[in-house]
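Presented sequentially are two complexes of subunit A, the first with subunit B as partner and the second with subunit C.
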Partner chain A sequence: MDVISIIRPKVTGYDEEDSDVEMSDVEVNLDKDSGLKTDVVTPGELVTDDPIWMRGHGTYFLNEKTYSAVAGSILKVNRLLSVIPLRGRYQPETGDHIIGRIKEVGHKRWKVDIGGKQDAVLMLGSVNLPGGVLRRKSESDELQMRNFLKEGDLLNAEVQSLFQDGAASLHTRSLKYGKLRNGYFVKVPSSLIVRSKNHSHQLPGNISIILGVNGYIWISKNVSSNFDSTNSKTNKHEAKLVNHGKEYNPGQGTLSIPKLEESSWEIYSDKNDPDISESIRSTIARYVNCIKCLSHCEIGITEQRIVTAYEASMAYENAGSLIDVEVMENIGSDVINGEKMRGNG
Partner chain B sequence: MILSPAERSYLYDSLSVQPPVRPDARSAHQFRPIEASCSFLPNSNGSSRVRLSDGGEAIVSVKTQVVLTKNESSLISIDVDINKERDDSNFIKNLISSLESILLKKFPIEKLKLTERYSFKVYIDCFILSHNSYPLGLLSLCIYLALKSTRLPLLTSTVNDREIEEQPTFNDDWEASKKLFEPSEHQDDPPLLFVVGIIGNNVFIDPSNEEEEVSENGLIVGFANGEIVPPVQSTNLSNRDSKGISPKHILKAYSMVRNCGKEVVKALNTVVSSDDDVFTSIY
Partner chain C sequence: MEVYSPEGLRADGRRWNEVRNFKCHINTHQNSSDGSSYVEMGNTKVVCLVSGPMESPSSGRKPNSSSNLTVSISMPSFVSNSRKKFKKNDKRIQELCIFLVKTFEQIVIMKNYPRTIISISIVVLSQDGGLLPSCVNAITLALIDAGISMYDYVSSINVGLYDTTPLLDLNHLEENDLSFLTLGVVGKSEKISLLLLEDKLSLDNLEKLLAIGIVGCHRIRDIMDQEIRRHGNLRLSKITNK
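Up next is the complex of A and B:
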């Protein structure tokens, strides 16, 4: 019976005799053209004393010299010098497919936690509302905002634009975006997510996955999108109640697309699919552990690697053993070796 | 921690099927892996550090003092300190009272007796650096390790001081020190507390943050020397309304803790003995 596994803390001891490394012995890799360091820099490290460089993100200037403010690699664009941090909070970019959690409902907008420095903003005008895409947002919509999305709700969205201060403005104006259901949420460092064309994938075992660029991952049962109308009715009913008896017709007085209206309340439903089988649930749990393995081993997360890790994890009949550090490292090395064998590692 | 309604119902449904599918695929009786070490604080009689895989971390130090037995109401004093939490908050007071209720009852007090007049007083200081789930289980493991690694100096003066008053004196050779809990004496190990979550008909040990959030109720079960010991308390692991506990739940939790407890004690004792080797090699 596997009850508890205890590991010992790793001793990163330095040899007492040679604890001091002579600075002059360290070979510094210098770029021949620019006289800059080419490898990784640490905070406070001198990057250059050449005043010709413009200082970008992750650097600071002191006594005519440029130092690194973060731990990361140097990026040069023409004369602009910046340091890209190895780790850090997610920095949104326009077009990123992300997952966020509603933090606050405000005036015509939702504040969304996306794991960045600032909360993102989702304007009431940037979501699909019941009653079709092509309509204006009315005052009754503003009063209904909590019926669409409330605090704690998870959604996937796209970064529409960035504000001056770097905060993101999101939109969910597509049927592939919106509330998340039928699954489980995992968080990994955003630096591990490899940007690609497509961030939602189908995995073996009838599982869908959304790899948010911000490191938030949603693993769910693959549900084909034939909505039943029961859920939409319940939510519609709630909406009516809140409105103090006054009839609330979504998108009243505007043109609506009938097909969309039928499915529209559906996209804000909180109800999971009633028949998610146990095998699907255990498959999701196994995928979750595989993603944690990749994250533990600091391997960039892509669809292909998740599938490889999942296949490697099949060697362990009990998916619960995947939480052991030793097993996690085995799976990580399996993934890396697999890529090397195929020649793309 | 806040969950969306869909997440909450997914977790709840997964944990209520038979057998429960836990979010990290653990079985119901499986703990999260921990990283543990002990006897590393040079100024304490015993110390330990335990880290959980979810980032929780606790350090416990055991110090002893020679006191006049008749002046002390209790020979054990427990203090818990949590980062960013007030010392007089309910959360901390509840933790301390749970720990006291088992330690004061199940601690072999006679081991602390020095002479007719004098005893050791044990101060158990716990510091929780960070925690995501309810820290009692973590703390209990940590206290176990610290107590198991506790060493007391060897008494050189006479044990009988009833007639002639005499201050106890000790051997100042630390190598001659004695362990508070000798490894051979299996009969009185320090007690442990386990946290058990309850959902539907299922019980599961060492609930993670999310599991706590959706659990209907929680149980704290004491365990010492291979048997279930009081206290057995119910506790509300989430901030939401809890449901009742049936005797079935309690019996299930009992048999689970009885089975797991032995394994946990065995694993913890291995840590103590391996760190003990390190200790003796230094001194």
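Up next is the complex of A and C:
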């Protein structure tokens, strides 16, 4: 029995592939990277019928065969086979530097929205309280939890561990983590953030940025505090960009204990700095729009690219004009072309 | 009006086994949802938004035994010719929602999403028959776009019976005149996950209807798959670009 369907002719040069033909290759060259399909798999598609593969995320197992459960690309790590979805909510992993928003104050814990499937948990025991690291948490701390962090506060933290069901437990036991102030919050798809060694950067224009792995981004005025950070510049470009003497690198500084002791209620203050100048504000707005450009063009967001986009955006005098779709695409292509020109595109 | 002419043509010029123009897009509302889709089956047009999996508002308090999948359908008054107002708790719409929830609870791998909810909302832009099938197809696409793991596609279509001839993919006029069957099929298999018959049909005709319906669903599934792959390859090419 035949069914005829009326569809408009496709313009794209997509040619349907016969998955059965490709599947036969799987057994032949298992150890080669070419063994598995490299393009997109869709739910219900047979990934492999070889039982030697371990089944990871995004797959399911039925009658000795492994099928894909999501639309995405296949990832193999040794014998572990998983399918990475093209889109999806952020999945926390231990060690991720993320930004979250307090959603609820509970019993000895905060519930934090991190844009994932479940809310993360920040235990009272995993934050630094005024009075230094070695301070013990008392009952009175439990009662005044809302004075430290309350609903709606933004903070940056690290994923300490994961629970059985995939929910994250966070900690802020370092001075580079904690409450966020003096800045602007942007949200992008988490898939655009590339995991790297450092997620907080200094940008030209006296701006610092934290690229949370969960796709939450914080752009703020550079806090020029009165200590020199003992960081080593690995990135030449970065070193070139930051040309003022005293800088505070939230992601890179290591501090001695006395410095920590000094940290007081100030770290949980709700007040922005009074002296955020007009120019800083407009620079932040420009960076925000640059990030939105990158996100619109679905370009992975890295420090380098943000700087490139920022430089490209200087062609438009008004930062507000960057939200125009045409302008966004122009800047996106500028970034890609700029990278190609430099030979790392 | 003649539903099916002796020459074998239907009122809109299709043959008995022809599906209406089927058009679908995914990721249409990327900023306002986790997954979104747009499906057009002839003149029936549907937008579907999926948000989730996300923390359920009442989690932790009590283990809620009810479903963690919710479906809501909104029908503006302009969807059909009659400009009828649809209330939010319209019985008919609520019934459709229940069918959809029951279908997709079986298809989504719920064990991967403990203590979370997935909320699906559908907006019907235009209604010309085959509302339930287009909702099923739209939800399938939106769930895939949201990266939610599911066992397979569900594709759906309706089949009516004119005398002894099965007619595939009825439009609104045909739906009014004929008794018809809505069925949803899992992937390329012959497993039926949704079967709805709201009026009478003689049993000996059922097999015929199911057979053409399944083939029709497979065709719809192929078109959806093609769109997903097109979109996926586009995305992947952008990622390698970075």
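Descriptive notes on the structure:
Criterion: the second predicted complex is superposed on the first by the 259 of 345 C-alpha atoms of A that agree within 3 Å, B and C clash if a C-alpha of one lies under 4 Å from a C-alpha of the other, contacts with A are read in each partner's own complex, and residues count from 1 in each chain.
Here is the rule we go by: a residue touches a chain if its C-beta (ideal position, glycine included) is under 8 Å from a C-beta of that chain, and two chains touch if they have at least 3 such contacts.
None of the values given here were measured: they were computed from a predicted structure.
In the overlay built on the shared chain, the residue A:A319 is in contact with subunit B alone; subunit C does not reach it. By the touch criterion stated above, A:P43 is placed in contact with subunit C alone, subunit B being left untouched. By the document's definition of touching, both partners, subunit B and subunit C, reach A:D2. Applying the stated contact rule after C-alpha superposition, one finds that A:P204 touches neither subunit B nor subunit C. Applying the stated contact rule after C-alpha superposition, one finds that A:G125 touches neither subunit B nor subunit C.
Of the two partner chains, neither subunit B nor subunit C is touched by A:P51. By the touch criterion defined above, A:G95 lies against neither subunit B nor subunit C after alignment on the C-alpha atoms of chain A.
Looking at the shared chain after the overlay, A:P85 reaches subunit C, while subunit B stays out of its contact range.
Note: residues 1-8 of subunit A belong to the subunit B contact set and to the subunit C contact set alike, using the contact criterion stated above. Chain contact summary for the complex, subunit A toward subunit C: residues 1-8, 10, 12, 14, 16, 39-40, 42-44, 58, 60, 67, 69-73, 85-89, 113, 117-119, 165, 189, 194, 298-300, 336, 345. Those residues of subunit B that touch subunit A in the complex are listed here as 2-7, 9-11, 13-14, 17, 21-27, 29-37, 49, 51, 53, 259-260, 263-264, 267-268, 270-271, 274. Across the complex, subunit A meets subunit B through its residues 1-9, 101, 151-154, 179-185, 270-272, 276, 278, 281-282, 285-286, 288-289, 292, 318-320, 322-325. Residue ranges of subunit C in contact with subunit A, taken from their complex: 14-15, 17-23, 27, 30, 34-35, 52-55, 109, 112-116, 144-153, 168, 186-188, 211-212, 215-216, 218-220, 223, 225-226, 228-233, 235-236, 238-239, 241-242.
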